[in-house]
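Take this structure, written in structure tokens, and hold onto it; I'll ask about it next.
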Amino acid sequence: MKDAKLVTKSQSNSQTIVSLSNEVKIGGSEIVVIGGPCTVESLSQMDAIASHLKSAPIQALRGGVYKPRTSPYAFQGAGVAGLEILASVRQRHDLPVVTEVMAISQIEEISAYADMLQVGSRNMQNFDLLKALGQASKPILLKRGLAATIEEFVMAAEYIVSHGNPNVVLCERGIRSFDNYTRNVLDLGAVVAIKQISHLPIIVDPSHAAGKRELIADLSRAAIACGADGLIIECHPEPEKSVSDARQALSIEEMAELVRSLEPVAKAIGRKVYGAKRPQLAVA
Amino acid sequence: MKDAKLVTKSQSNSQTIVSLSNEVKIGGSEIVVIGGPCTVESLSQMDAIASHLKSAPIQALRGGVYKPRTSPYAFQGAGVAGLEILASVRQRHDLPVVTEVMAISQIEEISAYADMLQVGSRNMQNFDLLKALGQASKPILLKRGLAATIEEFVMAAEYIVSHGNPNVVLCERGIRSFDNYTRNVLDLGAVVAIKQISHLPIIVDPSHAAGKRELIADLSRAAIACGADGLIIECHPEPEKSVSDARQALSIEEMAELVRSLEPVAKAIGRKVYGAKRPQLAVA
Amino acid sequence: MKDAKLVTKSQSNSQTIVSLSNEVKIGGSEIVVIGGPCTVESLSQMDAIASHLKSAPIQALRGGVYKPRTSPYAFQGAGVAGLEILASVRQRHDLPVVTEVMAISQIEEISAYADMLQVGSRNMQNFDLLKALGQASKPILLKRGLAATIEEFVMAAEYIVSHGNPNVVLCERGIRSFDNYTRNVLDLGAVVAIKQISHLPIIVDPSHAAGKRELIADLSRAAIACGADGLIIECHPEPEKSVSDARQALSIEEMAELVRSLEPVAKAIGRKVYGAKRPQLAVA
Amino acid sequence: MKDAKLVTKSQSNSQTIVSLSNEVKIGGSEIVVIGGPCTVESLSQMDAIASHLKSAPIQALRGGVYKPRTSPYAFQGAGVAGLEILASVRQRHDLPVVTEVMAISQIEEISAYADMLQVGSRNMQNFDLLKALGQASKPILLKRGLAATIEEFVMAAEYIVSHGNPNVVLCERGIRSFDNYTRNVLDLGAVVAIKQISHLPIIVDPSHAAGKRELIADLSRAAIACGADGLIIECHPEPEKSVSDARQALSIEEMAELVRSLEPVAKAIGRKVYGAKRPQLAVA
């Protein structure tokens, strides 16, 4: 990959490990699961989700407070009120929090509340935002653009790293295609390729890729089997009542069942899932 | 198009006319040609281009001073020095100037020098930038995203208009496809569709669509024949020496020849090209 | 284009002219319009269409009797009965006829009735069919595959020509993309590219590209403006009653109006439309 | 899926099991691996491959004797001589054989030699071939078209089944996209969707999807993890000497290593790999 100086293995052979907290690290042998709703709606909603997911177990909580929406008239997110909810839930349940940053002006504010700043697909090549995030104090979750090539994706990470922030986690979330049966096409070939090219961790978002909840569990297991370092999955206490992306959110029960099913897949390729209750330990 | 309240014909039947100067207006019966290099390199380069293109004739000058580049190590544009070159050439040759804005922080500065602010494809859904441009004092040239749907494209314009700036010109510049023979696929069906849906003007960028200079003239004529309100075309005094996009830049002579060829096509559909020397006038 | 030995200009500089009849030739200075319904339904339908279109004027009649349908339960075409209808209408109105061939076993039969054999998009790389058509006595209309590259398209023609039949006309009909606002994306860049690469004629099918009748006239004019040698357009006496593709068929009146509008566009690029009633002739 | 009458679960809840031989069945709890070269080159080549792969173990042998090639001047396959080689190797090593059928005229001949007839991507909607295969005595391996939707893919199988042959195995092999880093984009979402919609087995071809051998093992494990019923993988004793697709063929050793790695993944989702030597059995 020409021009990639910092994020490729040719530059560094040591796998980058990105810390979300003292306990939760992405890129090591343990697979991380991040869960939560598309949109932060209320404290009670987030509190319910966090308390249930904590025991799934998941390792971090997601929830959007600044939302990129196709229409200017669609709900644009709860903003600061949402950040305060995230902070409250984060502390009460001891769960690191990931949320999207859409503008340079939000970086400082979000950094005060969240443990990881997400760059959405529509901003993957918002180069001024990427440069500014190179100066941020928090790790970055960089989602692949709607039709970004593997090279463009890796080079977007290079923008952040070359501006000073080495803590970047990539996220494959599906690319656009001619078929609308699934919302996007999950490109696991990109995950495999990037694991070979780059020392940065990469996780998979099967929710936005599939757009249909019944496809998510199988795609999650596939992602782990091919080497992804983690998953970020939408879930909601009452999916059908979600203010956005209702069709793709898992229920709390589906989420817990999914997490349980990941452990044997991870084990099959020599890894493990964070915090999985392992039979042998239970026996001992 | 659900949710489009301001930019669709259902809301207003009067065609929007966007003024670049007292003389140059986009969206009326006269077709506008904007030309210039991918990147502002030097005053002598821009002065040579402007003096030649003025008589082509073209109606406005383009030139990038802030450049979105896949690699952080590629030339990022001349910045303020480039803006000063644009301003100097603008005044000397009485040509309106269009240049790209990549960040909210640049809006005020660029507005002081340029007559129209371009939003590049990678920023088509940079919603915070769009909202801020709704407060800008200058017209906006909004390029279609690399894989944006027609609905997303129109709704991006709605962001700008709904935040206060009605002077938006859309620009079709090709979408991504499976074939790399051309750089992108010029989607003239989108131009036709948008002319029917929206009262905003739409122009075509055949240079980034084709990526090969030998395809540009024919695609330009096709764009005019199907109703585009103008063209934005890359040209360079010495295309092979261009610092970027050399393969797709026309020479000054090719540009002049292209402009001459547009007039009969425009006439065939009941329009005319700005400033074209018309036979009947010559006769008189 | 590596491996293209017979269909590229490097092999032959003389433009191929394909004759549909003594009068109608594709690839010369005159632009050909082929019209007709998606599917041959009845003699009265075809007779009505032919009598009206003859004076539009169009130069050849299209109509499917063997239909490639996604579902095995959809109407598969009228078969031989349809061919007999085509033959009857062909003779009565002195109009050459184009219809699709889906199998080697149909070549001889269709050749007895039709003047040109169409290979549909789904069969563009049905190589055994292409080879067999190299032995056919009639010209071939080769439609671009749903996601065929320009190289694959040209090489599919090379299959036919290298097996003995030099009379091949290519047809751009749109390619698949992520946007379903239009049925496909009309790729006029491919038309321009192929005119430069190959000496074979190429026509455009705006009906299948757009999938919406209101987009067809503008796209037709664009196709002529960029150098296409003709058009193939779906029309129907009562579009809303068409057994297939009703949404994209023009009425007879719309077709006549479209044909009239093509002449000035053709003239603008130094060509003319077959049989157009030209003002200067009317004056003389 | 409207119109799908025979291949969907709404019509039949019992999973279809397709037999390649008395021992090898696709669609049951055991995962099948099919291996072999892109092209049958010689008896010694095929004999070497079969003897090595038999102990990998794989359950069936692939090898093309009629080859769909973009260029008419590329090697079109060994034809009948190749079939005789396949038959010889098939008998000597007791391995079922899969090979591609490109034309109706080849069905009878290939059926005399092979255990399964493959329909290539370019022929997925060659409806006359599909109908004829509905009358064939052998099972069909139907590969997804280059840009076929999930619905079109399933309906192509419906053509075969509705014409009398219930023994159809689908094969996901990647779809076209804008990125050429991988040859195609493996669409495992389609595999998951089809497993839910249809009772037909579906296998995955990671070789044509990836186009690069270093990506194949990880994608194979992902395919098994998300529910695919098997894999078809290109391998060659000396990949760099393969007459076609050299870049994507695994060596015999890589193939054996890959097969060994599949067993724990299959076990993780409650399945097993055909003939895998399982540790617990070895211990016992």
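Annotations
We just call them A, B, C and D in the order they show up, numbering each chain from 1.
In this section, a residue touches a chain if its C-beta (ideal position, glycine included) is under 8 Å from a C-beta of that chain, and two chains touch if they have at least 3 such contacts.
In this text the structure is predicted, and so the values were computed from the model without any measurement.
Listing every chain that touches chain A and chain C alike gives B, D. Summarising the inter-chain layout, the chain whose CA centre lies farthest from the centre of chain B is D.
Comparing the chain pairs A-B and B-C, the larger number of C-beta pairs in contact belongs to B-C.
Between chain B and chain D, the centres computed from C-alpha atoms are 49 Å apart.
Centre to centre, using the average C-alpha position, chain B and chain C are separated by 34 Å.
Residue numbers of chain C whose C-beta contacts span two or more other chains: 147, 151, 176-178. If each chain is drawn as a node and touching chains are joined, the picture has every node linked to every other. On chain C, the positions that touch chain D within their shared complex are 3, 5, 68-74, 102-105, 122-123, 125-129, 131, 145-147, 151-152, 155, 158-159, 162-163, 176. On the side of chain D, the complex with chain B involves touching residues 147, 176-178, 180. Within the complex formed with chain A, the chain D residues making contact are 147, 149-151, 174-175, 177-179, 181-182, 185-190, 192-193, 195-196, 209-210, 212, 214-215, 218-219, 221-227, 261, 264-265, 267-269.
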